[in-house]
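The first chain written gets the first letter, and so on, giving A, B, C and D; residue counts start at 1 in each chain.
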Amino acid sequence: MIWLLLFLILLITVETALVTSLPALLRNFRYQSMCLALLTLLAAYRETSPELYVIAGLLFSLKVLLIPHLFNLLIKRINSNNHLGLFLNAQFSLLFVVALAMISWYLASLVIAPPAYLEQLTLSAACFVVLTGIFLMASRIKALAQVIGLLLAENGIFLAATIIPGGMPFFVEIALFFDVLVSVMILGLFIYRINAIFTHIDVSKLSGLRG
Amino acid sequence: MVLLDPLAFFFWAVILLVSLPALIYSIGYFKNKFTRAKLLTTQLITLAFIASMLFLVIAANAFVFLIVWELMTLFSYLLVLTDSENKAAVNAASIYIVMTHIGTAFLIAAFFLIFKYSGSFDFTAMSAACQTMPPLLRNWLFIFFLIGFGTKAGIVPLHIWLPYAHPQAPSHISALMSGVMIKTALYGLIRFVFLVLGIGSLWWGITVLILAIISCLVGVIYALMEHDLKKLLAYHSVENIGIILLGLGLAMVFTSLNLASLSALAMIAGLYHLINHAAFKGLLFLGAGSVQKGTGTLEIEKLGGLIKKMPWTAAFFLVGAMGISALPPLNGFVSEWLTLQAFFSGAMNVPGLLALGFALGVAALALTSGLAAACFVKAFGITFLALPRSSSAGQAKEAPAAMLSGMFLLAAAVVGLGLLAPIIFNLLAGVAVSICQAQLQTTGLFSLVLQPNGVIAISPLFIAIFLGAGLAAAYLVFYGYKVRLGQTWDCGYYRTDSRNEYTATAFSKKFRISFGFFLFPFRKTEKIKDSFYHVKSFIYRTNTTNIFEKYAYNAVLHLLYRIAEIFKRAQAGSIHLYLSYILATLLLLIILVKIL
Amino acid sequence: MTKLLLTILKISLVVGLAPLASGLIARIKNNLRLRRGQGILQPYRNLWKLCGKEDIIPENSSWIFQITPLIVFATSVTAILFLTDNLLAIIFILALGRFFLALAALDAGSAFGGMGSSREMFISSFVEPAACLVIFALYLTPGSTWSLTHLLAGLSLLIVILAETTRLPIDNQETHLELTMVHEAMLLDYSGRSLALLEFSAQIKQLFWFCLLAGIICPLALLPYGFCLLFIIIVIAFIEVGIAKYRLFKVPDLLVFAVILALLAIVSALLGV
Amino acid sequence: MIKRLGIINAAAHFMAWLAALYFFAAVGAGNLKLSLGSIFYADALSALLVFTTATVTFAAALFSVSFITTDFSLGKITAKKALYYYLLFNLFAAAMFLVPLINNLGFLWMAIELTTLVSSFLVGFYNTRHSVEAAWKYLIICSVGITLALFGAILFTFALATATGIKSLNWTDLLATAKALDPAIVKVAFIFILVGYGTKAGLAPMHTWLPDAHSQAVSPVSAMLSGVLLKSSLYAILRYGIIVNRCCGGNYYGNFMLLFGLLSLAVTCFFIITQKDLKRLLAYHSVEHIGIIAFGVGLNSPLALFGALFHIFNHAVTKSLMFFGAGRVSQAYGSHDLEKLSGIIKTLPFTGLAMLLGAFALVGLPPFSIFTSEIIIVIAAFQSGNFIAAGLFLLLMAVISGAAIYHFAKILFGQPIEPLAAKKEPIENVLTYLFLIIFILGLGLFVPTLLRQSLDAAVNILRGF
């Protein structure tokens, strides 16, 4: 089951590199978060830890429900077209993402010794998700895409946290959720401001400050 | 904490020799020029500047030396900026501080390299450590010291700040900077290369000699091309630093060949020229300041005839000009003669090829002194003689008494250092002996004849007496009656005026053409026409190309700017680019983590 | 005491015979051109005549103009003092006279004077290295045995002398053409006694240089000193007759040649040839 | 009303400064290690950061009084916005005070994230095209950085958990068991920490947000960004570095810091040469100084660490002075374009003089404090025997200083391009300048025993004693 979920997460992450429209990206994020929540739920079930149940619930309510919903609202509000704007076309992106996957695997192999294959895979998946998130941020033009890329990367962090036996300390994890929420709201606010001032959210055109 | 050895005392003498007259002079120079507050600040900074120099030469600790060195730079920077609203001054000051800053970096490197071995900044400890160092490191240290101090001293090709900075400061500050401050760099060179580091291979001295020869010639040739009185003097500083370095370089060569007494002789020659240059360059800068105050300009093409309006300034300037042109019986003659003697005596004792090199040194020094004389004929002749070339020169006023007395003191020094050469020589012998660890035969403190190597003797005092006798004889025999004023010969033209006079540009034209391979002169002629047929007047401009600025400094700056432009493209405002930097850095480090 | 007497003798001989040397050269030149020529004592007569005339001082000039003849004379005479023992000092002492002469030339405010002054300083700045190197070479070969050094140094010094005594191909004493004159241009505004003094000084300087050269080639030719002098005078006259004036900008080439000769002299001295 | 608010704010921060001074004296010089629960922890290193923060924050609060009043009277901001400014200012300050006092690395991460979130509003405060752009870049880039840092923190926790079975994010726990940690994990983890927090600290090539944010922020806030915010992030790196040092030994951590230090110097060198904006110039200068500190830390000898820590404080006060000056100048001239500024000493004599002093200090001339700390680092560099690095460091510093002083001289002296009447300096500004100059000049002339002791204590902490 865990293997399946991890595989799903990987698949979804690779797919994000091919996605060219904003709602599709958001959908991918939603699925990925869903997998993550399920993974956490599984861990909670296995370790019978109430804390992990709470975290799984939070993951689900925040990342699967609340944040995508907020984004949908924002998209409607700023009347942007749905195109993501790719610096690199989908094929090249895929190539890059595969390279990232290899690097992630290399990294995981450095950190975790062979017998613990599950941890190794989890860590490499986590790293892969983080790197892909940042890669999306660097290669997609729309401001919203960047925020989603950031959220993807944060998903990677949550995934990474699961390799720690028993997960992260609970209060830290709660605080993290809070932080994610706040930063998303602030980023959303700035997207709103950018749209108001520049009348678009094409961040590649935000290049007045040079040198 | 402080080090009071003969070398330090010698430099105190040099500093005070110029500082005191300069301070007296400044009273007159600043009169009715600035507001009270500005005057006070300027004078305070001047005092601090002098104090920093005085302290620099007695510091017994390299770290203290470094701090005082930086403070000295700072104060002189502020003094160059006295006229801070003038863009040229700001530019000059910037060039100055940037150059010295980079020079100081080399000094810092050298000091701290030694410190690594000595564990102490004390000169004696550093000196001890230097003896046990690997020779390769000592070579590097020598190069660092040479670049570090050479920048401040204005050795070609590190001289470019000098002709900018010196003219911008008030004249007595120029006198201090040119007469004294650049000498503190030579102090550093003597202190650290001779005493702390100890002379190493033969090529050290030869390098210094080659640089000295280049400095002499480049300095004087550029000076000849310059028609701004203070810039001209500034280039002469480059030249004279070269002459001093000839002495020091010879001393280095002799030391590394174990010719201690010859090395002392060369050192005396260098030190003698050092104090001489302080005296006459100080005097000339003060004179230039008087000219500027009296006429409002330093452009010698606009001057002329000042000898009638400013007789005292003219007389003092003439003394300085004679001193710097090495005319007997004044001081420049003595030191150049000594330098030549050091070359001559050395040539008998060194390997043949080196002796041939010495011959080139002799030729270069002779050429330099010839060109310097030409330059000062131009500077004095065009500025002070014949008819004024502009109305401001025609209405010139003699400088106030304070300024004149400052100049008088230095003029007296120029004469005294010449006439009393044997005494000065013996005093300097004490300093040189302490540096070169040599035995030197001297002819007694109050001898009248200078006999540096026991064979060839000279006495400026006797020359003066003979010259005086000849003069008197000629006067008695040939003069005494019947003198009539008449017009200058003008080929029958109705009247000569200042437009008929020879100009500085014309005076230097021969040199411009014959050194054209180095100066790259170019000219522009414009016709100003009334109508198609009638040319009303010509505008003729000529200038030379400063190859050091054009091909070295500007090239480096250009390169830096080019690279900077490329870097700028890396920060062109694209957030995606920025994010990819982070990603790239991260990935690179991950890939490389095994080998890091 | 004898030394003092000898010195006085030396000075008075050179001073007294200086115009004679000039007269001789002029006479020989004229004869070579198949003219009868002036008497060899003509320079004395010229000086005497000039001394009887009044001085006219340009109104634009200053005391520099008036003091210069005295200084130039004094330096010429003083230079003789060092003729045998300190050659190096001579160059500096003569530079003093030249410095003032060049200033005085500018002082009158005429373009001719400026031309002369600037040309003179131009030429002299190339002469000095050659002269210094000749002295350097002599310094390296003490004693008076025959050597290649003396020959090369002598040749180099000969060129120096042509420049210093305002002879062809560097300068021409016989013309007052503004395009060519150097020394004469500086004297253009002098008259009467001042002019006499300056010409006299130039003659003294000339003989003094001849003596110097004679001192060098004396061991070479193994001839008595006086014959040497005469020989030099004849050679100079021949050169002057046989050669045309150089352009000003070719003069440095000639002087650089002198420098190279002197350097060769030094090389031969170092090699001990 | 706004002015009164400012004065109250400044007074409050003055009290905070006094408290921080006491804290510094007690904890730093006393070399105490305080813990409060498992979350808070303070030692000499924290005390240094707290004191630096307090000093810069107080100065910024004092300077804000006239700055915000002037902005208001110029019509650049509304009264409501001024209120909003003070609110954010204090939140920002509070977040920065929090950073050095935290033991839990997760919360440390959060505190640093909080500083980003709050200050982004201060960067985008004027709501112009440029400021919003700068704020966006600042937010996004720093968020990415901080995400990586969190990944690193998780790896550290993982290392701790696998090695000892303890599930903790506390720095003290990590330190206590550092020797038992798996170096392979720690090495990888530290890369994430370095790149992550390094982004926020402004190490090249992750510094790209910095000139934008610094130049667009409200000037007092620019000072805080440059003076403290960067150091807070660097502080986090230092804390991890202690563990890495103890765990991996060798020079793994040191070499990284040396490399990034030199890289920062090299990159800024070229940007400073052709800079056209005063505040960006200062921002790049901050990158340079962070590079210097990193270089000092990388040398990892007691002397170098002393210099680096001392430099943290010196740079904070000096750079603050310069940013205040730049703020005042841009208000008076209506621009911080270097081409449009000239003759500052003439129009704003006091600010001009203060900036002149600051410029001298910034380029490392004696007798100012930066000279002391820089020279200590240089000595340590040569002592370390790594002559090439030392030489490169020295050369780059000389070029940067030369370029900087060239720029400063050009704007400070000369004639104003459009004639401007000489302006009177508000008393608050004079006080701010004087307050900072006391440190700049005073610490250059002598280092008080108190400071020396606490720096020594902090050095010991950095070396893992």
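Here is the rule we go by: a contact is a pair of C-beta atoms (placed from the backbone, for glycine too) under 8 Å apart; a residue touches a chain by one contact, two chains touch by 3 or more.
Please read these numbers as outputs of a predicted model, since none were measured by experiment.
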{"item": "Chain at maximum distance from chain B, centres defined as averaged CA atoms", "value": "A"}
{"item": "Most centrally placed chain - per-chain CA mean versus overall CA mean", "value": "B"}
{"item": "Selected interface, A-B versus A-D, where C-beta contact pairs are more numerous", "value": "A-D"}
{"item": "Rounded Å distance between chain A and chain D, as computed from the means of their C-alpha atoms", "value": "31"}
{"item": "Separation of mean Cα positions, chain B and chain A [Å, integer]", "value": "69"}
{"item": "Rounded Å distance, chain A centre to chain C centre (Cα mean)", "value": "97"}
{"item": "Interchain centroid distance [CA atoms averaged], chain B/chain D, Å", "value": "44"}
{"item": "Where chain A touches two or more other chains, by residue", "value": "107, 110, 134, 137, 146, 203, 206-209, 211"}
{"item": "Residues of chain B touching at least two other chains", "value": "568, 571, 573, 575, 577, 579, 582, 586, 590, 593"}
{"item": "Shared-contact residues (touching 2 or more other chains) in chain D", "value": "133, 136-137, 140, 144, 148, 188, 211, 271, 274"}
{"item": "All chain pairs that touch each other", "value": "A-B, A-D, B-C, B-D"}
{"item": "Residue ranges of chain A in contact with chain D within the complex", "value": "107, 110-111, 126-127, 130, 133-134, 137, 143, 146, 150, 153-154, 156-157, 160-161, 163-166, 168-169, 172, 175-176, 179, 182-183, 186-187, 190, 193-194, 197-198, 203, 206-209, 211"}
{"item": "Complex interface listing, chain D residues touching chain A", "value": "104, 106-107, 110, 113-114, 117, 120-121, 124, 127-130, 132-137, 139-140, 143-144, 147-148, 150-151, 154-155, 157-158, 161-162, 165, 167-169, 184-185, 188, 211-212, 215-216, 271, 274-277, 280"}
{"item": "Residues of chain C touching chain B in the complex", "value": "51, 54-64, 69-71, 73-75, 77-78, 81, 85-86, 88-89, 91-93, 95-96, 98-99, 102-103, 106-115, 117-119, 121-122, 124-129, 131-133, 136, 139-140, 188-189, 192-194, 196-197, 248-249, 252, 259, 263, 266-267, 270-271"}
{"item": "Touching residues on chain A, where the partner in the complex is chain B", "value": "87, 100, 103, 106-107, 110, 131, 134-135, 137-139, 141, 146, 203-204, 206-211"}
{"item": "Footprint of chain D on chain B - complex, ascending", "value": "66-67, 70-71, 73-74, 81, 84-87, 89-90, 93-94, 97-98, 101-102, 104-105, 108-109, 112-113, 115-116, 560-561, 563-565, 567-568, 571, 573, 575, 577-579, 581-582, 585-586, 589-590, 593, 596"}
